[in-house]
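Below you'll find the structures, each written out as structure tokens.
Two complexes follow with chain A in common, the first pairing it with chain B and the second with chain C.
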Partner chain A sequence: MSSPNKEIHGVSRRRLLAFLSAIGLFLAAIEYLLPKPVPFIRLGISNIPLVLMLDVLRFRELLVLAAVKVLGQGLINGTLVSYVLLFSAVGTFTALFTMAAVRRLFGLRLSLIGVSLWGALTSNLAQLGLSVLILLGENAWVIGPVILGTGGATGFLVGWLAQMFQSRSVWFREVRRALVSD
Partner chain B sequence: MRWFRTDLLGKVVAPLPRLVAALGFLAAQAAAQSPGTASVLLTISLILALLAGKKISLGYFLILALSIVGFSLLSPFGKVLVGWGPLRITQGALEEGALRALRLIGMVFTSVAAIHRDLQLPGRLGSFWAEVLGYYQRLLEARHRIRPARWIDSLDEIFLEVLPADSLEEKGVVPKLNSEPVQNRGWWSVPLVWGLAAALFFGLGQ
Partner chain C sequence: MGRGETAVLNLPRMKGWDLIPLLLTLVLAGGLAWMGVRQLEGQPMVEIQTPEGQFVYPMSTDRYFPARGPLGTSVITIRDGQAWFESSPCQNQICVQMGHQHEPGQWAACLPNRIFLRITARREEVDVISQ
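So, the complex of A and B:
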């Protein structure tokens, strides 16, 4: 068992985690700038680091990454003490637990696109359930098909982007090699 | 209108007292039981968010409010105000939807006004957050180098440059924990905002 802060190629795991968190925030900032015609629909590109690192980081490190993403987005967008944080936390952690579970279940037989689709759909379902409880009431289920449909599309996009990056990025290859040999 | 995007609140109140002050306001908004009170509180929180230099997309929040009210109208109750065939707009559903929308959107505005990026988080989380912000800043500075046509290659170049890095702290890029004293100005705002929230909440009849 290695130390949680062991140096890998001169970079500590903690530093890598901080960097990945920063990438998530950076992507969240890009998404924040894109026009959102409908309030309940998001691209979710800030989830790319989570999808990308699913096979590389330990689960507790993925939990840290998810928590920093949620809190960081709340801090940067200013929604830290609002219902938005609750939605973000429920969506992110549901997606993470689902993606980790399907990865464990299906292994590499499922591509990152498939993993991301599972994460996006369960995340949207959980957020829909939450909006029934606190935002829109029982009638929120009416928009279920639309939310799940767009969730499927954005989940596909996130998975595809992650898969492309994973297969072509030199940086990712180096990080994975360092972490796997750790 | 440069002042419009300037954090005027930040000039008088430091991030921590700002958050503590806002908590009282948030409590009043969460507990508001009438659309009138909720709308007054929302108006104040919108003004505070604008004073904090935050960009508020009113169109987005308008659509959100209309959606919340629309969904509420799907469960009619109370006096029928307007009716077209099977569709009925009832007073109860309208008021409930309006209250929910005003409360939730008002709380988002308060949060947006209250949270400052430089808010210092305690302990290890705080030092980790400082490190994250350091990298975030580096990525923001490099964003113009990202080419959509070759996004993977351009991101790769930036990532390889920023991490691994020998010691960003030595270059002063990653802020060190507690390298600056915690700013304490503006604690006077806490009793002021809490008092204002209580006065509005009880004065306007919850």
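So, the complex of A and C:
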């Protein structure tokens, strides 16, 4: 097994993880600036590094990336010490486990758009279920159509952007070649 | 780009298997919407869910409702057949910006303060219900 500090194209795995985490936080900050017309709804662009690196990073590295995203987003949004953090964590980790599972199950028959759509769907269902249990009771199902509908649209957008970056970025191609053969 | 070459815009495309999560999303969202629409016949009512319980008021009677949540008191106004968040102690104020709700099926929520307002309908005449 290679050391996390081993350099790949001048970048160690650990530094790459830090770089991707920083990109995720930057995107979370951009997302924070955008107006939210309805509660619960997010654009989800801070998930792009997670979707993009699904086939490249090891699963435990993806878990670290997801954890940094949840904590950093909480810090940026001012929700670090509130129940919102629980929702964010449940949504993010449900999406990550689902995306990793469908990637293993379907392989390349699924594009990153499909992978991201699966992540968005299960993340939203988990958050809706959590809302029923601890927040709004049965009323939570009322907001289901809006959450699932907009979640599907943003999931599509995130997958589309990740797929576009994956197919065009020379940097990504180099990093993938180095890390996957590592 | 040389003469005679055309730019090909190589945009990402969906694969066949990508349609499964897309269709599942549409079916689930449509199913939940259909279940909600089924319950919207009768006298319009305002249902207010708070950490202290659920309160149901007719839309026909004007009133202010102080809904207490973990952050403080969110004030809900019911007037002229409409209901809305007048004020709320939350940071983002999305609930206030959601504006006036009047049609059965419409809703507004203050998630940080755990208050949910929903316009619904009941077949029986109701003055006030609290649960």
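We adopt the following convention: the second predicted complex is superposed on the first by the 182 of 182 C-alpha atoms of A that agree within 3 Å, B and C clash if a C-alpha of one lies under 4 Å from a C-alpha of the other, contacts with A are read in each partner's own complex, and residues count from 1 in each chain.
The rule is simple: a contact is a pair of C-beta atoms (placed from the backbone, for glycine too) under 8 Å apart; a residue touches a chain by one contact, two chains touch by 3 or more.
None of these values were measured; they are calculated from a predicted model.
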With the two structures overlaid on chain A, would chain B and chain C clash, or do they fit side by side? clash
May I ask you to decide whether A:Arg109 touches chain B, chain C, both, or neither, giving the answer as first, second, both or neither? second
Could you say whether A:Leu148 touches chain B, chain C, both of them, or neither, answering first, second, both or neither? second
With both complexes superposed on chain A, which partner does A:Leu135 reach: first (chain B), second (chain C), both or neither? both
Based on the superposed arrangement, let me know which partner A:Ser82 touches: chain B (first), chain C (second), both, or neither? both
Which partner does A:Leu16 reach: the first (chain B), the second (chain C), both, or neither? first
Given the touch rule stated above, what does A:Gln163 touch, chain B (first), chain C (second), both, or neither? second
Among 9-17, 45-53 or 63-71, chain B clashes with chain C only at 63-71
Pick out the shared contact residues on chain A: the ones touching chain B in one complex and chain C in the other. 36, 38-40, 78-79, 82, 84, 135-137, 139, 142, 164, 168
Residue numbers on chain B that touch chain A, as the complex places them: 19, 22-23, 26, 49, 52, 54, 57, 60, 63-64, 67-68, 71-72, 74-75, 100, 104, 107-108, 110-115, 117, 119, 128-129, 131-136, 138-140, 143, 152-153, 155-156, 159-160, 162-166
Under the definition above, what is the set of chain A residues touching chain C in their complex? 36-40, 78-79, 82, 84, 106, 109-114, 117-118, 120-121, 125, 135-137, 139, 141-145, 148-149, 151-152, 155-156, 160, 163-164, 167-168
Note which residues of chain C are touching chain A in the complex, please. 10-22, 24-26, 28-30, 32-33, 35-36, 47, 49, 54, 91-92, 94-95, 97-98, 105, 107, 109-112, 114, 116, 118
What does chain A use to touch chain B in their complex? 9-11, 14-19, 21-23, 25-26, 29, 36, 38-40, 68, 71-72, 74-84, 135-140, 142, 164-165, 168-171, 174
